[in-house]
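Two complexes come next, and they have one chain in common, subunit A, joined by subunit B in the first and subunit C in the second.
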Partner chain A sequence: MRPVRKIPRSKYKTVIWMCGIVIVLIFILVPVYLLVKYSISDTASINTGGSPVPLWPYHPTLRCFIYLFQDFEFWGVVLNSFIIAISTVALSMALGVPASYVLARQQIPGKKIILLSLISIRLFPDISSVIPVATFFIKINVHSSLFGVILAHTLLSLPYVIFIGVSAFENIPRDIEEQATVMGANGFQIFFRILLPLAVPGLVAAAIYTFLLSWDEFIFAHFLLHPSGRLLTLTLYLKQKLTFQPPQNLLAAISVCLSIPVIIFTLLVQRQMISGITMGSVK
Partner chain B sequence: MIMVKKFRKIWPLLPAAIYLLVFLIIVITYLLIMSFSGSDGSFPSLEPIQTVIRMPKFRDALLNTFLFVLFGTPVELLAGLLLALLIYQSFRWRNIVRSIFIIPVAIPGLVTATLLFILFDTHGGFINHLLMGKYSFFPGIISSSIDWRGTKFFSLGLSLMGKVWRDMPISMLILLAGLNSIDPQLFDAAKTMGAGIRQRIRHIIIPLIIPSISAVVLLRSIEMWKEFIFPYILAGRYNLLGTLIESLYINWSGKYENGAALVALILLICIIVSALIFIWLIDLLRRLLSDIER
Partner chain C sequence: MAEVVLKNISKYFGDHKVIDQINLNIQTGEFVTLLGPSGCGKTTLLRMIAGLESIDEGELLIDGKRYNSIPAQNRSIAMVFQSYALFPHMNVRNNILFGLRIKKKADHEMFEKLQWVIPLLGLEGLEYRLPKQISGGQRQRVALARALVLDPEVLLLDEPLSNLDTALREMAMEELKRIHRTVGKTIIYVSHNQAEAMSMSERIAVLNAGTLEQYETPSGLYEQPKTSFVAEFIGSPAANMFDGELIHDNKDVYLESEIGTVYFDKERASAIRELIGRKFIISIRPQDIHFFKDYIPRRTSDTKLTVKVEFIVNMGDRNLVVGRTSRNVPVRFLITHDDEMTVGDEVSVIIDGRKIHLFDPDTKQNIFMM
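Entry: the complex of A and B
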């Protein structure tokens, strides 16, 4: 914890500060409230015919959610997103965890340079790197398939997994390994029995981060699935609905379904994620 | 023998390294080859450059993106600074307030864009109703509906607003880390040694906070250059470089594929150049400041 510095503040300053907090809270929470409000609105509360849109729906209803949950297509879309996200997590952990172990624990000359060059792919804007990747995937015939999207999302998440993983392994004291070696454990045993369990909290954060990255990713999914039009992820589904101008309450309901896992997970792993986010802005 | 031993140590690194390096090579070579290939497959060819430069759409997109970066970056810095200063000192509900401050970045960008799409609808949108004075708690400012998504100024401004709203927690976190790195003891020590408020701000706060401010400006300006999702949803008719790449690649079914790659390359160059200029400016500023000290 940071030591708390107590500064005597005048009442005047405190009032300004509190006003600031309240205004920012309103600025952040009102849009969130409105999204939820629209998702439970009945038709009359949206198509008001000139009279103001009510601040609380006339007859709150879960009709849009029920409609979505009874829709076969919607479940297919959710399933696609889920398959992509889970496979991305599996693939990027399988590649990333061993790599971050080596980078954290072995003496390799030029370790920093290796780490930097591995992460450097993320310096390209997504919208720039998606063109070569999509063109290449057409050539090797994995375009318009979930597999292609999984490969692309792994490309996006792997640098984060390595980055978070390295610090997870580095935080484990070296003594433990030395003692295990003295007691006769071999490399595999040390890794799987000792280091891996200790690194789990950090690695879980990396896994959740990867899941969310894939879950709400739009650009690569859009470019890699586009011409087929049959395979959709949740984000593409929302965009498709947006083009056809459906009722606003349906749009809001899809948005809520898309956001809920993201919001819950983000707030749960807030601390571990902060380093991910600040590093994420380097991408 | 030594090689074998080394290999045994580092082989778990190889799959990930190969995966990333292969993609890196693909991205770089394809981007370069496509940017200089003619539609008939000839290489090298200046055809994409000629096509793209002649497009009025490209010039518009370049200018729009430049303005987007120029206005968006300072706004986002100020928003982040405001949030960071508000929760810098500890108070009773600090952790809860901080969690709430992080919510915008936890909502997918596409969802925020969709929400703005709904709220700023021309007919029957909440914001138009609000500004027309249909609610008792808000004064009427405009007399007729504004076509938010149909005009260049409003649609790009709306995209900018959405982008800033979503990303301000990131700036906040970076600045908060910078503020927290200022050790209160340093402050007290300076005070004991007789440094006035002015000197303390100049010698402690500014030098310690400048690195995180420049980090925010650098990272945010890069983000602004490559922005895609907000203008894609909210400013369909008015392109930024990001949305131009998309429309060239997708909407023309392969006709402007190479043009799209070229614009992608140009975007990359813009980012690198603006980052270098910024780093040079910061360096200049630092030297200027230390000159004044002397």
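Entry: the complex of A and C
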């Protein structure tokens, strides 16, 4: 007779899955925990003079944040980053959405090759493409300006916007478009009244992704803005502070400020992604 | 209101001819069905009328006007897709009004149309629901309402009932007939379901592999199939098809076939003697093979056939019997529930020779109609 199993196989599986999830969560959450912990640490909790660093600061304080928020330069930097990110989103969408519509819906020779070469732009490491881009930008005189960074970030995000956009448009059943045609709608009416509203969830995701990409981009911002030293983004500000070896808690506070929009927007992306707006239109 | 005329219409997908020289004449206010198996080109033909596919050869005339190069937007045609293709981000009301808004109709006109179409299709109370919040039958009605408010010359329906369950489909069929009577539009309907086509249409165009097999009234198709394809495709259960040869001996003309000698009504063929010795496809409907308990041969065109019952299928109102002749050829016929028959029985049935059709094996044409 076979021995009676105390725990059925499915239970084992569940336990293994749970362990896996816990490990993944640790990997994700520990850096966040460290970041938050340091940002609210008092000096005594960091410079412990040999004794182990406490898991939670002895005297949690928002001193670093208060210091940051009172710093005029910090606000200027946040504003710069924000302007760059928003403008990048606007420019990427303005260029990417029409492009992705055309690539998804019109008969274009070599469509696959165009898409492939678009994504291959992102195959090169940023560090290798930044020099030619910076050189070119100096030539066309958009170096050391917010516009130059916006342009560079658009360059980085456009392949993603187009890829997400193409799939968003391709997912709309052709029947819907043909139905609108038979009902008398022309190309513009179909695009603005039917296709665009239906592609919104995908396009919003692309927009938010673009925002995040621009918000914490460092290499291009560094090469395009650094020499002047007056225009800074949040990432450059952080780098500048690093060279002066400031207390860890201040660095952590800057990092938290850098991360907050990322977290907020990621939550927004999820909500937009889940909304299955096309459900129920066809069948 | 408009008459739709298709003149020698052809369509190619690459080198493949998907629509081959089709001629159709659809009268004003007529309900015509394009019927055929999947892949026969019926939907393609409908899309050509709508303007969603180009016409490679031939002419499309609506009310005498050549339509070939008029873009779909400018044709006075409405279409209901198999998928309904409702705009998922618009509520029922906005879906119905979309076409009118595109045509920049006045508010009072749109209001009047809504007041007319919503009760006509029983959509009261659903005006502000999204397509995903209503049932399949309701979506189908919204799609129809959306087409009707445009007041098109021609209404194209691409298998609009195929996504509905049987009960709903029968209701929708009646509703569609009622609407056709009310609005009197020219309707071109695409279906692969012959029962649907037979019960709704005034005329049916049977398509097979891109060609028009026959264009007739439902009863005409059933009684006088022009080709062997129509004979086999129309009618349920499918007709029995046998190979045979026309024989003439001293006193009689009859068919010698796979199932033995078959007699038929010679008066129907004008020049029967010229066909002696030729081979034919014989089509006999299961409905025309009768089982009588006490058989008395009455007509000279009757043929007695003995088969062994292989299995019996309950068709609801009747039973379908599949029997085998002594030469092991399957023969399908219908019996009532009262007829006593069990699998393995040897039974005698009578083929009604007045109802059989003969088709030329090469041209597939019905020789009684030549």
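Note that the second predicted complex is superposed on the first by the 239 of 283 C-alpha atoms of A that agree within 3 Å, B and C clash if a C-alpha of one lies under 4 Å from a C-alpha of the other, contacts with A are read in each partner's own complex, and residues count from 1 in each chain.
Basically, a contact is a pair of C-beta atoms (placed from the backbone, for glycine too) under 8 Å apart; a residue touches a chain by one contact, two chains touch by 3 or more.
Quick caveat: nothing in here was measured; it's all calculated off a predicted structure.
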One more residue to check, A:Ile86. First (subunit B), second (subunit C), both or neither? neither
For A:Ile176, is the partner it touches subunit B (first), subunit C (second), both, or none of the two (neither)? second
Which of the two partners, first being subunit B and second being subunit C, lies in contact with A:Val204: first, second, both, or neither? neither
In the overlaid three-chain picture, which partner chain does A:Ile194 touch, first (subunit B) or second (subunit C), both, or neither? second
Mind telling me which of the two, subunit B or subunit C, contacts the most residues of subunit A? B
First, second, both or neither for A:Val36, with subunit B first and subunit C second: neither
By the touch definition at the top of the document, which applies to A:Gly184: first (subunit B), second (subunit C), both, or neither? second
By the touch definition above, which subunit A residues appear in both interfaces, subunit B in one complex and subunit C in the other? 277-278, 280-282
Touching subunit B in the complex, subunit A uses residues 2-5, 7, 17, 20-21, 24-25, 27-29, 31-32, 34-35, 38, 46-48, 51-53, 55, 95-96, 98-99, 101-103, 106, 108, 114, 117-118, 120-121, 124-129, 131-136, 154-155, 158-159, 162, 216, 218-219, 222-223, 226, 235, 238-239, 242, 248, 251-252, 255, 258-259, 262-263, 266-267, 270, 274, 277-278, 280-282
Touching residues on subunit A, where the partner in the complex is subunit C: 173, 175-176, 178-186, 189, 193-194, 197-198, 277-283
Applying the document's contact rule, which stretches of subunit B touch subunit A when the two form their complex? 9-10, 12-13, 15-17, 19-21, 23-24, 26-31, 34, 82-83, 86-87, 89-90, 97, 99-112, 114-115, 117-119, 121, 124-126, 129, 134-135, 165, 169-170, 173-174, 177, 180, 184, 187, 219-220, 223, 225-226, 228-229, 233, 242, 245-246, 249-250, 257, 260-261, 264-265, 267-268, 271
Residues of subunit C touching subunit A in the complex: 50-52, 72-75, 77-79, 81-89, 98-99, 102-103, 130-133, 136, 139, 146, 150, 163
